[in-house]
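In the two assemblies presented below, subunit A is common to both, partnered first by subunit B and then by subunit C.
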Partner chain A sequence: MKLDPSFIWEAFVKLLPVIPTTLLITVVSVACGFVIGTAVAFVRIYKVPVLHPIASAYVTFIRGTPMLTHLLIIYFGLPMIIDAVSAQLGLGFRSASIPMIDFAFLAFSITAGGYMSEVVRSGLLTVNRGQIEAAYSVGMTTPQAIRRIVFPQAMAASIPNLANSFIGMLHASTLAFTVSVVEIFAKAQIVASTNWKFFEAYLAAAVIFWGLTVLIERVAVILEKRMNLYNRGGVA
Partner chain B sequence: MKKTMIGTAGLALVAMTVVATGCGAKNDANEAGANASGSAQTDNASGGNAAADVKKIIVGTGTQFPKVCFLDENGKLTGFDVELVKEVDKRLPGYEFEFQTLDFSNLLLSLETKKIDFVAHEMEQNPDRAAKYLFNKEAYAHWKTKIIVPKESKATFKNLDDLKGKKVLTTATSAEATLLETYNKSHDDAIKIVYTNGAANDTVSQLTSGRVDATLGADFTLSLIDPQGKLESVGDALEEADVQFVFRKDDPDEQKLADAVDGALKEIKDDGTLSKLSVQWLGADYTQK
Partner chain C sequence: MIKLTGITKSFGRNQVLQGIDLQVEKGEVVVILGPSGSGKTTLLRCINYLERPNAGRIAIGDFEVDCERAGKKDIHALRGKSAMVFQHYNLFKHKTVLENVMEGLVIVQRMPKETARRRSVEVLEKVGLGEKLDAYPSQLSGGQQQRVGIARALALGPEVILFDEPTSALDPELVGEVLAVIRRIAKEGITMIVVTHEMGFARDVANHVVFMDGGAIVEEGAPKDIFNKPQEERTKQFLKRIMPEPAYSI
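Our next item is the complex of A and B:
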């Protein structure tokens, strides 16, 4: 097996322009996933009637099926529903005008939400119940107590796991190519399709993914330090 | 901090290369071992006759190409390429072929790392590819690549120039992708290429929903990707390609194998078996130029 180092570099340069696509998919899905996950975590912790079993079902379904399945269900299922509804109402809107990347955004957000709800839940559980009682005793309402006391501490405890989810979604974003969205890994295949130097292209993609991961790790460290400022010494 | 990061990345690259080379070496050893034990077994079975010379060859192919290499309803690997390789095997007493199915884009890497000995997957030759791999001399099929459009669009594209400004769907690792890219290189990216990895099998739905205007494909593949006949091919043949087996380059054993395969292939061609296989699997004789 012969390696062509110059092509690794050539592929690396050609992969750079698609980094924003990968990052966009990751950031959008993690951000939406975080919102979904937080809502689901609260619903499950406070056992909100009616919503509680739905939230549990959502988490077990998402974690129990592959991410590719979510993407394909959204990609094939959603247009059917949209077109049927649109025809029924005579809107003249065709699902073909939805950009492909939106299917990836939606599907990956749903996936990320399932996993991140557990991350947020574990963070919320680290905050001692006594703290919320203490908050009540100084006259705070439940939303106040959660916003000012519980949530900041829960976030600080969740940062390592959230970074984990973020990195996981970064790498999982390669699945977006299934719906014709060209991200880093897809571009690596495209770059290599004329000369079949796939290994070199994959190495270049690996270097980029690692670089991005290192960046995320650094940001997570900074965030963790900042959010744990409250916890400097003293009695926990 | 930036400096350290670049340093780390460089280090990683070196580490990976070392690992890669290491893997290659290990596979060599493995293969040698496997071959040795393989022939030893034959020795025992045949009591040390001439059969001891039978060499085991691993043939790499895929399962995602209907009628060429695919799993039939009983889960059996079959198709034009598969049956042809079996026919070649029958005529080469010195070799024993065994199939190994892999993803398309991993086939060539596996060939280079000696996990398989040659590739049978309707591979088209082009100069870039020929520089890196060894192709046998006898082509066993000839493709005519054409433009494919949805029937109801009534589009009348004649050649690539007519596709300027249109969205054209193609599989990332295919010969059609190379064709489009080569055109775009000399025509200022005039064609909007939409890539897919084929995993969603959505060619027909992308075309009929109007997401893309056209795709390119070999003439015989149309009935395979579109059994319901919603698509049609239009215009001139954009490219005629020779389909061959792919071997490792700069490897005397591989050259010997390629020559042997060529010999058998010539026989299969001359006695009409090849045309028969083509009609049986591909619906017409695509083996003549």
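Our next item is the complex of A and C:
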């Protein structure tokens, strides 16, 4: 077998149109995961009764099981529930009409939520108690103090970890191919299936992922510089 | 004007405030002295409700709270009456000097931005920081940061400003500039309660000195009485320890 450089290029070009699918899965799961993760982080930090143990269990389950299992559990479990409920209520709705990609959105958001709750939580814990006390002292309510003072500082401190989560979810989005979503990895397989040049196709896919990752890293560095402007000077 | 009645506070089994009664008149500067661990910080934090007293009443201006019953609304209203200057400044570190001072005016007092800005600049000029409006706290010296802390409290126009050892985290050469600012605003008739170990400052700025020990007020009175002829043994011992022996006696 010989390497076919021209096919790498050909595969690369054929993969470009599905980049938006990969990015969409990533952005949706990171955005929803961030919202879930923030809620979970607050529940855990403020030890909200009832919700607190649930939140902790959620985080250990997500972090303690492979992401592929989350996807497959949702993919096989959710339709059963939906169809059963739909039949009970006599609705005509069938789970088969749900687009495959929606399962990926849901499952990956749940995964990202578990991981990102730890990112947000550690960010919140970096904010000195004196900051919220100063906010109270000028008369703010707790929601105002969190929104205006604590959260922005926590986010600025979390940018490197948030970027890591983003990159992690970008790479993990390839798992969507197991539920027949055609993202970059699935497309590479399809492209290669006509002539069996899998190696070239995967190389092309790797280059694309690498490029996207570098892009995210760059953006993170710029954001970090901008948001941490106030830290120059260095003395706490 | 400010009236504390029977304030008690415990941390677990440790009763830190044993029922504090204190009255402060409008425009008065009250200095609280006392050994480490006597409950000075805790008392100030109770007035600002950063610590919740177990019992007692706090009245500031026309507003009174019964600490055993105080709800969220009462606490919020009470906090609006006082402002705190912290030992470690606690400036909002992601905000500039100007934003630090404007924050409470715009967000809490709902002042229009332009008005808030004008008022903040005015107060910052008063503390000598008119040139540093756009600096971040991390770019300032300790003395400058504390002056921003004072400006932040002052701009809110509270009934009373609470100072908790405002100069004790500063290098000695920076203490003077902060004390000078506090002196100046004291002269304007702002009511203040100051915890400090700066005896010289206490002597010539205070109208009233309170000596605390073991979570209780041991003795209080005019500065010249407390410093020159303390009645209580514990006050005498504390003053002897904290002040150098006078070279001569009158």
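By definition in this document, the second predicted complex is superposed on the first by the 232 of 236 C-alpha atoms of A that agree within 3 Å, B and C clash if a C-alpha of one lies under 4 Å from a C-alpha of the other, contacts with A are read in each partner's own complex, and residues count from 1 in each chain.
Heads up, the rule we're going with is that a contact is a pair of C-beta atoms (placed from the backbone, for glycine too) under 8 Å apart; a residue touches a chain by one contact, two chains touch by 3 or more.
Remember, it's a predicted structure, so these values are computed and weren't measured experimentally.
Looking at the shared chain after the overlay, A:144 reaches subunit C, while subunit B stays out of its contact range. Among subunit B and subunit C, the chain that touches a larger number of residues in subunit A is B.
Look at A:95: by the touch rule set out above, it reaches subunit B but stays clear of subunit C. In the overlay built on the shared chain, the residue A:133 is in contact with subunit C alone; subunit B does not reach it. In the superposed pair of complexes, A:207 makes contact with subunit B only, with no contact to subunit C.
Applying the stated contact rule after C-alpha superposition, one finds that A:6 touches neither subunit B nor subunit C.
By the touch criterion given at the top, residues 1-3, 5, 8, 68, 72, 75-76, 79, 94-96, 100, 177-180, 182, 186, 189-190, 192-199, 203, 206-207, 210-211, 214, 218 of subunit A touch subunit B in their complex.
Within the complex formed with subunit A, the residues of subunit C that make contact are 48-50, 76, 79-80, 82-84, 86, 88, 90-95, 103-104, 107-109, 136-139, 152-153, 156. For subunit B in complex with subunit A, the touching residues are 1, 5, 8-9, 12-13, 16-17, 20-21, 24, 105-106, 108-109, 112-114, 126, 128-129, 131-133, 169, 172-174, 177-178, 181-182, 194-197, 199-200, 202, 205-206, 209-211.
Listing the residues of subunit A that touch subunit C in their complex gives 128, 130-131, 133-141, 144, 148-149, 152-153, 156, 229-236.
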